[in-house]
């Protein structure tokens, strides 16, 4: 074996390469960097896409609030420089509903993980979709509970391993776009973290939509999901997405199941109009006031 | 009854408290765990998931804590022993169904690895601030049993004991461990199956037509039946009579709920487990439980070096509370020092039982760490030097508090 | 740069030229930027940063086309691209011409 | 009795190191070893440490009061726990990742390029086992034999060979270092 | 026994399943007399928790047939519902939908006095069969409580299904606080009159709206391996001979042929 | 600050406890109700919903109690005074978010209409079984303020006070009513808006980039801002520093959580409200709260007319517990009598504060005990025969 060599210092050809201001710094809490996500984790990419979309969508970011729950993705609220709330496990949608209903002038973005939104928060997810609360839900799906150390999630593909499915997952996973669609979401899209530009466009579009919009972001978890399943690290997952993603816009959401290392269908699946909760509420209010002669 | 050798992983292990508890559950005959991952309790669930299926046990990771505990109550009524595992926030979510389980007199075990709170708090670090919650957290009146183990070996032993007491008194039993013990790794000796005593469920064996699910035996505990045996069970969380049928008059609430409370209160001498050390001639008695009792060992040692006669009383069972023991000690003790990793919970019960006969010094700690033993020693010294009778609980000012609030301290990440 | 046919306005087109900026201590060595850079501008260095990871370095600075893909694909916000100063002025008349 | 602190980043196997030494001491050396851990929310890259108290009798107080040995695999870990080290303590660190200050008291310091060794052996992740080999050579907390039994117990089956190689590598490096220190001319 | 419970009785009878093997966890109160007559085990669970409670029962004793009856259309228990369906626990979920919509098919309902509506009056209700189907239910159907024959047949059919079957019963009245038999008959008649049977409709199209008639019928019936099946296959595969399949002793599996499991 | 006249229904009304509760909330400026229907709390939300369109208040019926309180916390951060209303089982579900409310220091009010527990219990019958839960029900350390009104008028008054204290100390405040009071119909006098004092929210006034969400004032209470005002703040349920950023060490835990306790414990004298009647010469003091206090007062009157010197200490705020006052009384009186609609909860606190100087008699009774004062009278008579202090709670035996 060779003798160890000393670390090579100063290999940057351009010494000024580390200076300057990152263009996303005005929307991020740079004082908190580096963030807690592991190397090759995809959540950072979802945040990049989100911040890029915020710039692109040209909306008043002062009138926005981002709510996250618990988990790796739950930390997003702490890094995005909006009015940001890091709430309890599974409840960001309920918390956001309160914000939205109490002050309809605020655009609410719920940014959280699959375990948070679909497992423990599944009820709030379907009910907010049913009510068509005006909010954008960005659900980062990495197929596992990563913050707690790699437990099986309701999105873990069949037969995939996790610490609480040491013999392979025995529960079929959720098809998030399908459930969002059937519960009544008005905008549903899915992208992987590799498709940053398309993801950015989708988020931009969804931000401008009125009603319950869901963007699912398939993200690598290089530390738990792919390590337990021997899939390499996040980079290998990105390569996998590159080879196995099929983009089918407008596909029927029932065909979007994800199996263990099978093809992933991405695209924008649902984009429709439905009266939102506040619209129905206001209509009700005017009826009530009208009936009482208070118009 | 003895444990089933199939379920006992006899041997010497170097494992942490969580895992030890998972193994303990298996040895105790637990056949079903429903859980939901939450730091720092996941290791116990994982240990069970890994070994359970090989001995015919079932596990399921539910969608949330509400689902977990409901599934556990359901599984118990199908006739097996069952358990759930959680930490603070999950524990809070379970509160409704814990009360429901108490109302149904369901024997199940709940392992709570406490962490720093309130709310999300410090997930990866310790706390003991759910102690009062374990006693009072659900609505309505009920009583239950809570253990506070201090080492991985005890996590194993008391998980088995928890199952036994749950079956014996048909009530939820809590194992109120904490992150320190849960993540502390030590040698754990798992004995042979024939050295492990198991309390079998008290099943009703008579004719189904005559079965009354809530008719108590003389020890106030009714016999159980399981679903699927043709008993035509009618079990409700509403107030019910001996048949289990709902009743809506107050007399029943006075009688039935009173029995729920009394079956623990009147049997408490059989349940309570304490460890005493040098309390006979002590001036000061340190009352502690869980990890705090191990930290207190050092504090007591320092205080003894300073020439103070200190005894220690360790609450192995925190609930039911040993009222009489404390009252008896209070007669001859000058003061009690209570170190807890919270800002005062069990200390109020100590204060209650002392009836003004001794002073009470609380050594608080907010969590995310354990006491500095020097604080405990100083508190002991303070208590020994104070001759005046003080009303109420004295909150000892710890080094940490002085540092943070008086020392011009700046937070660093 | 090669073209399959020579554009008529080739003399007016300037290929944008980017400059890559790397905060190497923010890097966690995922190598996404190196993998997906269409022009192979970046490569991993052998140096350890403060966290013990190998950050990327700019191997072929002249090849950068300011496509920003490395910026979009960096999960650590550790890399961004700017248009090179001298190129900016050159680009302005073309834009005008296009309008 | 020995109070040992392992400090580094999550992902370096800091906690696993504590478990291996603790297991070697308490199961194979018939001593008592209590290991407690502390880590942050990050799976990788967060500050992480484990503390191990090894004693011939039952460990009553499970935490470090004055550390005898500090094994530092990150600068942050070193900075945080250096002060805890007793005056006669012993410091072991990864020389690529830690730049130590001048030590207080009579602290002895030992450096090893563990991560670099591990990378050369094929996997960065065994850096902790390299350092454990080094630790075994330099300290007398646990016996070489006990460690050789404890490591295969604590790592995945497939990785046993690599880990044993890493362990031997660190151990031999430690022995040579000791020899060199005794006999500087060589 | 009243309307719904006598339908239950008939359904159970038709299915031929031994009554003592049936358990009903429910968050709606049943009267003791009804349970006595049904001859099943009954658990009145905490609000919304009938499905996880049933999950526990089923996993604790796979020989049981569990039939959770939930009220107030899965408000508190919505999450348990979607996850139960996803897992394909062997349960027959009966959802008593007591919604109040002032108008159906353009006609105004006779009475909207029920104050326990799970929805504010201006909210749209779930398309329950569609939601169940999208999560993977093996069987979905909807009937009003007056479709007695069809409903009983549905129950008989669904209770033997390997997997999670969903039957929505439109029956205004029963909820957490009122007995299963407390039905507002005027309203029920109104819903019955304004419903139309369309079997095998795509569940996507059966949402209840004020403008159209309520579509009832048996919508889907498909096969999917159940939780315990997949569990046994998967663990059998990975653990090998040491693994004893869970709950294979059950008698009925053999009788009905069950599903092969697998994935 | 004075109340907004829009929400104040000035005049004398015959209202039930629940209706008075809704009126109190509206008068206090509550403009958001997050609810999930549960017996016996329905009338509160019904009344609120009925009046909401005219007052300009909004509400949402959520899918469960968990989300109801979550929505309330979210709404509170938009600057609206918010509340939720529930009963025992619902309160149990809210426990996690009670902790979040404490950690985010979010002002809000929780109304709990207690009924018999545990489990589903008896939804229509009154009890006081949640009183310890209101203090200890969520995990972790915290202190909250809890009121226990005994009449519709008090309900109205104390709901307003609850809102004021929740704004003053930035905490969730609970008002513990019960199923009896919920139905009890009495005259409620609602004063004109200008006579109702309202504690305004303490807003941060400085520049947007200078705001630190948890930078505490001297009284440990940090000023607040609203969503959408450009402050771009971050708050988290994790242990956090002044900036609201999570930090995981014991110093930060002390820095963060100890003030949550201190901001109440150090101000107990300002918060605690007790109503004392005939205490001065009393030999026996009845300690009661909520509807139970009504029987206590009546029993006191009767005992006095029979020549026994009985006083009454009625706890308007149950938590924080008025321990100092009871320490004082313990030294003067022979015995405390504690009637409760449960099997012993607050009586343990009284036992603690009696410091072995006075006997503690406990009367456990159900809803009917509110009207039946005989038990209290027989307890009073029992105290007359007591010569020594027993070191335990003396439970009154009575036929059921």
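By letter and in written order, the chains are A, B, C, D, E and F; residue numbering begins at 1 in each of them.
One rule holds in what follows: contacts are C-beta pairs under 8 Å (C-beta built on N, C-alpha and C of every residue); 3 or more make two chains touch, one makes a residue touch a chain.
As the structure is a prediction and not an experimental result, all values here were calculated from the model.
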* Structure fact -> When each step joins two chains that touch, the fewest steps from chain B to chain C total 2
* Asked: Of all chains present, which has the mean Cα position farthest from that of chain D?
  -> E
* Structure fact -> Most remote chain w.r.t. Chain F, using mean C-alpha positions, is C
* **Centroid spacing, where centroids are CA-atom means, of chain C and chain E in whole angstrom** => 58
* **Distance between chain centroids, defined by C-alpha means - chain C, chain D (Å)** => 42
* Let me have the rounded angstrom distance from the C-alpha centre of chain A over to the C-alpha centre of chain F, please. => 39
* chain B residues counted as touching two or more neighbouring chains -> 53, 63-64, 66, 89, 96, 100, 119-120, 123-125, 236-238
* Structure fact -> Residues in chain A with touches to at least two other chains are numbered 7, 34, 37-39, 86, 88, 119-120, 122-123, 127, 147, 149, 154, 167, 281
* Which residue numbers or ranges of chain D touch two or more of the other chains? -> 40-41, 44-45, 96
* Asked: Can you list the residues on chain C that touch chain A in the complex?
  -> 19-26, 28-32, 35-36, 45-48, 51, 53, 57-58, 61, 69, 71-78, 80, 82
* **Contact set on chain C toward chain D in their complex** => 28, 48, 50-52
* Where on chain D is chain A touching in the complex? -> 11, 40-46, 96, 113, 116-117, 120-121, 169
* Structure fact -> As the complex stands, chain A meets chain C at residues 7-9, 11-14, 17-20, 22-25, 28, 30, 33-35, 37-45, 47-49, 52, 193-194, 196-197, 200, 222, 233-235, 238-239
* **Touching residues on chain B, where the partner in the complex is chain F** => 66, 88-89, 91-93, 95-96, 99-104, 114, 116-125, 127, 129-130, 132-133, 135-142, 236-239, 248, 250-251, 253-255, 257-258, 260-261, 323, 327, 342-343, 345, 348-349, 351-352, 354-357, 364-369, 391-392, 400-401, 403-405, 409, 411, 413
